[in-house]
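Here the chain labels run A, B and C in written order, and each chain numbers its own residues starting at 1.
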Amino acid sequence: MSTSPLSANPASDGSRAQLIAFAVMVAVLLIAPIWVYPIFMMKVMCFALFACAFNLLIGFGGLLSFGHAMFLGSAGYVSAWCAKSLGLTPELSILAGTLAATLVAIVSGLLAIRRQGIYFAMITLALAQMIFFFCLQAPFTGGEDGIQAVPRGKLFGLIDLTSNTAMYGLVLVIFLGAFLLIWRIVHSPFGQVLKAVRENEARAISLGYDTDRYKLFAFILSGTLSGLAGATKALVFQLASLTDVHWTMSGEVVLMTLVGGLGTLFGPVVGAAVIISMQNYLAQFGAWVTVIQGVIFVICVLAFRRGIIGEIAHAIRKPL
Amino acid sequence: MKVEIVSADHQNKPDVGSQIANQWYDVDKVDAIVDLPTSSVALAVNEITRKKGKALLVSGAATSDLTGKACSPNTIHWTYDTWMLANGTGNAIVKTGGDSWFFLTADYAFGHALERDTEAVVQKNGGKVLGKVRHPLNTQDFSSFLLQAQASKAKIVGLANAGGDTTNAIKQAAEFGIVRRGQNLAGLLVFISDVHSLGLQTAQGLIFTETFYWDMNDQTRAFAKRFAPANRGIQPTMVHAGVYSAVLHYLKAIESSKTDDGSKVIAEMKRLPTDDPLFGKGSIRADGRKIHPAYLVEVKKPAESKGPWDYHKIRATIPAEEAFRPMDQGGCPMVK
Amino acid sequence: MEIFGIPIQALFGQLLIGLINGSFYALLSLGLAVIFGLLNIINFTHGAQYMLGAFCSYLLLNKLGVGYWWSLLIAPIIVGASGMLIERLMLARLYKLDHLYGLLLTFGLALIIQGLFRNEFGSSGLPYRVPAELTGGQNLGFMFLPNYRGWVVVTSLVVCLVTWYVIERTKLGAYLRAATENPQLVQAFGINVPRMITLTYGFGVALAAFAGVMAAPIYQVNPLMGADLIIVVFAVVVIGGMGSIMGAIVTGFGLGIIEGLTKVFYPEASNTVIFIIMAIVLLVKPAGLFGTQK
């Protein structure tokens, strides 16, 4: 039984860097809302979770999905609808949204996993487009208007989430919880097999692993956590719209993960923060946002493939 | 009075618009948001403005829900709305003989609303709707739908869509000889900028309703003269004019009520009658609807035009009281 | 006489319209298929390059007074040259890596090009007149066919078939196909493989620009005209078989017809039907209808 440095001794070199990074991240998230607008921070956390979930599939599983928006968006719609039309409490709405995304992930995963590489990407795109069409047509989604004025409600019937502070607390807990879950998964035996499949699938098969099953499970996990991000985001902004199921959203999450660093734990978080900040502070310049995103894409692919965290990790020679 | 202006592009996305609005109100101490095209974003910002007690002056968005079921004591809907478009254009066309219609509708809430409102008007005036077809938003090719419109032999082909869909449909209608072979196009939402991008050769004969045209009178021309050089030479559309008019009245209301608290200023704006060089005299109703006359417009033939942007001829004026939906029919909870 | 409630005359009209739209799909997917099939590059910039072709003809007309017929020749050359620059300066560095990096690079380039043009020209769309020689139309009985649309079908068919012939049946095409299968060996024979690749990429891009020039008179020339089209064209290429030229052509025309029929029976779905077909094909025959799994 091989022992990799990571699973054998949690306090070893590699993990210490990660623990420090985690502590820094938590500190930033706790303190930042004093200066930085809380809704902006919550948006960053939701997208960071989305990017982390996406990274689970591509960074650790080696599968590029071009349809991840379907999880973010469908969960958002279900969560918004539950909160607004059914009057469910926020934790139930978020749960419902996440389960919806899981369902979508199971069905689409079963269909998509059989293919690899570009075909896999294309099939996820096709499925995402069908979800988009469904969201466009279904009466409950409100089409172009989206579902608006979604009430945040009272968490567990007790804590009123209308105040940004309370909502921030909830989003922080969800984000950190999911992040730790991903961390645990990546460092678990399952995570190791996944990485093995990514590196050399044929060899993994020859060792007796049912690689399709591992990939499917990673896909479903990735989709579920993306759904969690989407369901939470719908309550933060109190609205669910077509933007979240459009294929350009799938492109954005790729960008965030790429900028931050594919296959690193903290990369997607940093990538999401960078991209969201850029979109926010450049909104006044209109179409320049798209141009700059394109430039970042190009630079990252040509010269900066490891991404921000990837470069740092490479420099300190520890995984992050 | 010190006035500071900030601006942003919401990219037609309700979530981007919401976030900007929230940040502006909470962090940047913005008092009023103006313009706001795209109905879905306007509805979202409408809610946020109400919650925070600020002021919203909508000129760009069309949905008549802003003065209907989504009406708010913090919002005034300027310039136009879907009901006005439907009734202005629909009424006028049916009365001049266009009594059979075929709808080409963009398949989203705005298109549906426009189609529904126009159909009601057509039928109320004794006309018939011979058919309708829904096309996806941002359709490039309308040939198939236009063919169906031709086959229906309706006198009027109503375009219940906007923006690129409308201009594409009009361009291709010209190609397929829709107008040449005896049918007429009714654009339900057309701006002079659309006419400019189509060119008169293609757009001639198009009939639609608007509430401002730069070449209507000396005052509008004076405004256009100031506007064009500052805006790459384009002439103002009714949306531009609406923003000007709304902000002017807003500032007057602040002066008169000596406060910039959103709800109070909006109430003062409703109390004061409006008067500006672009829309003339008008008023604002309890449901937040600004009232002013509307104009039925036809696009000139190339020979009739004396130069760039000389595109519209005013066919009829719809008085302010008739142009907009009666207050009791909107379902606005503030008015019950 | 009616089929499923639609009079047969109207149905023929719709089928013909579908064929016309199919020509654009065929031309565009041909360029993509050439680039992917021969170079293994997934060219997401294709939609933006289609738009560049249309804008090129617009600018040629409005700034230099150069008309449609010359634009058909000049615009593809200009845009194709820009494509070759992209290939030399950027894509060439990515050949050793996973294909998906090429996809991401070209995606980024598409964002840049579309963003720049949107900044400069707005998103309203610019007019471009049908050339005088092709205005008017023929009354075919079941519909009125504008001459220009007829011209589009004929030209696309010709260009597609000529391209297919060159690649599949001539010596040049054989060198190209050999070079992609085994570049080192072919280079050892003295053939300048990198230059062939650059020229091929340029050719594929030029095809996109050509489609753009053809589209300018009938669709609005606007910066986003390629944006939503690109994923449809991808779907066409994937269905046809990513390496297959004939597959792209047949599927392109086929999709046009199927979309035309969908517009009659269930128009709201006309944008989505291609993806449903793609999902089905990928599940049943992942290499595509005409493709061979590499």
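A few remarks follow.
Basically, a residue touches a chain if its C-beta (ideal position, glycine included) is under 8 Å from a C-beta of that chain, and two chains touch if they have at least 3 such contacts.
Note that the coordinates shown come from a computational prediction; the quantities given were computed from them, not determined experimentally.
If you draw each protein chain as a dot and join the dots that touch, every dot ends up joined to every other dot.
Interface comparison, B-C versus A-C: the higher number of contacting C-beta pairs is recorded for A-C. Measuring from the averaged C-alpha position of subunit A to that of subunit B gives a distance of 39 Å.
The distance from the centre of subunit B to the centre of subunit C, each centre being the mean of the chain's C-alpha atoms, comes to 37 Å. We define each chain's centre as the mean of its Cα atoms; on that basis subunit A and subunit C are separated by 33 Å.
Shared contact sites, meaning residues of subunit A that touch two or more other chains, fall at 137, 286-287, 289. Residues of subunit C in contact with at least two other chains: 268, 271. In subunit B, the residues that reach two or more other chains under the touch definition are 107. Listing the residues of subunit A that touch subunit B in their complex gives 37, 39-40, 43, 136-137, 142-146, 148-149, 237-239, 241, 243-244, 279-280, 283-287, 289.
Interface residues of subunit C, counted against subunit B in their complex, comprise 7, 10, 13-14, 17-18, 20-21, 123-127, 129-130, 137, 143-144, 146, 148-149, 218-220, 222, 225, 228-229, 260, 263-264, 267-268, 270-271. Taken together, the subunit B residues at the contact with subunit A in this complex read 6-11, 13-16, 18-20, 22-23, 26-27, 39-40, 43-44, 47, 63, 107-110, 137. Those residues of subunit B that touch subunit C in the complex are listed here as 107, 133-136, 138-141, 143-145, 147-148, 150-151, 163-164, 167-168, 171-172, 175-177, 181, 193-194, 197-199, 201-202. Listed in rising order, the residues of subunit C touching subunit A in the complex are 42, 90, 93-94, 97, 99-101, 103-105, 107-116, 118-119, 231, 234-235, 238, 242, 268-269, 271-272, 275-276, 278-279, 282-283, 286.
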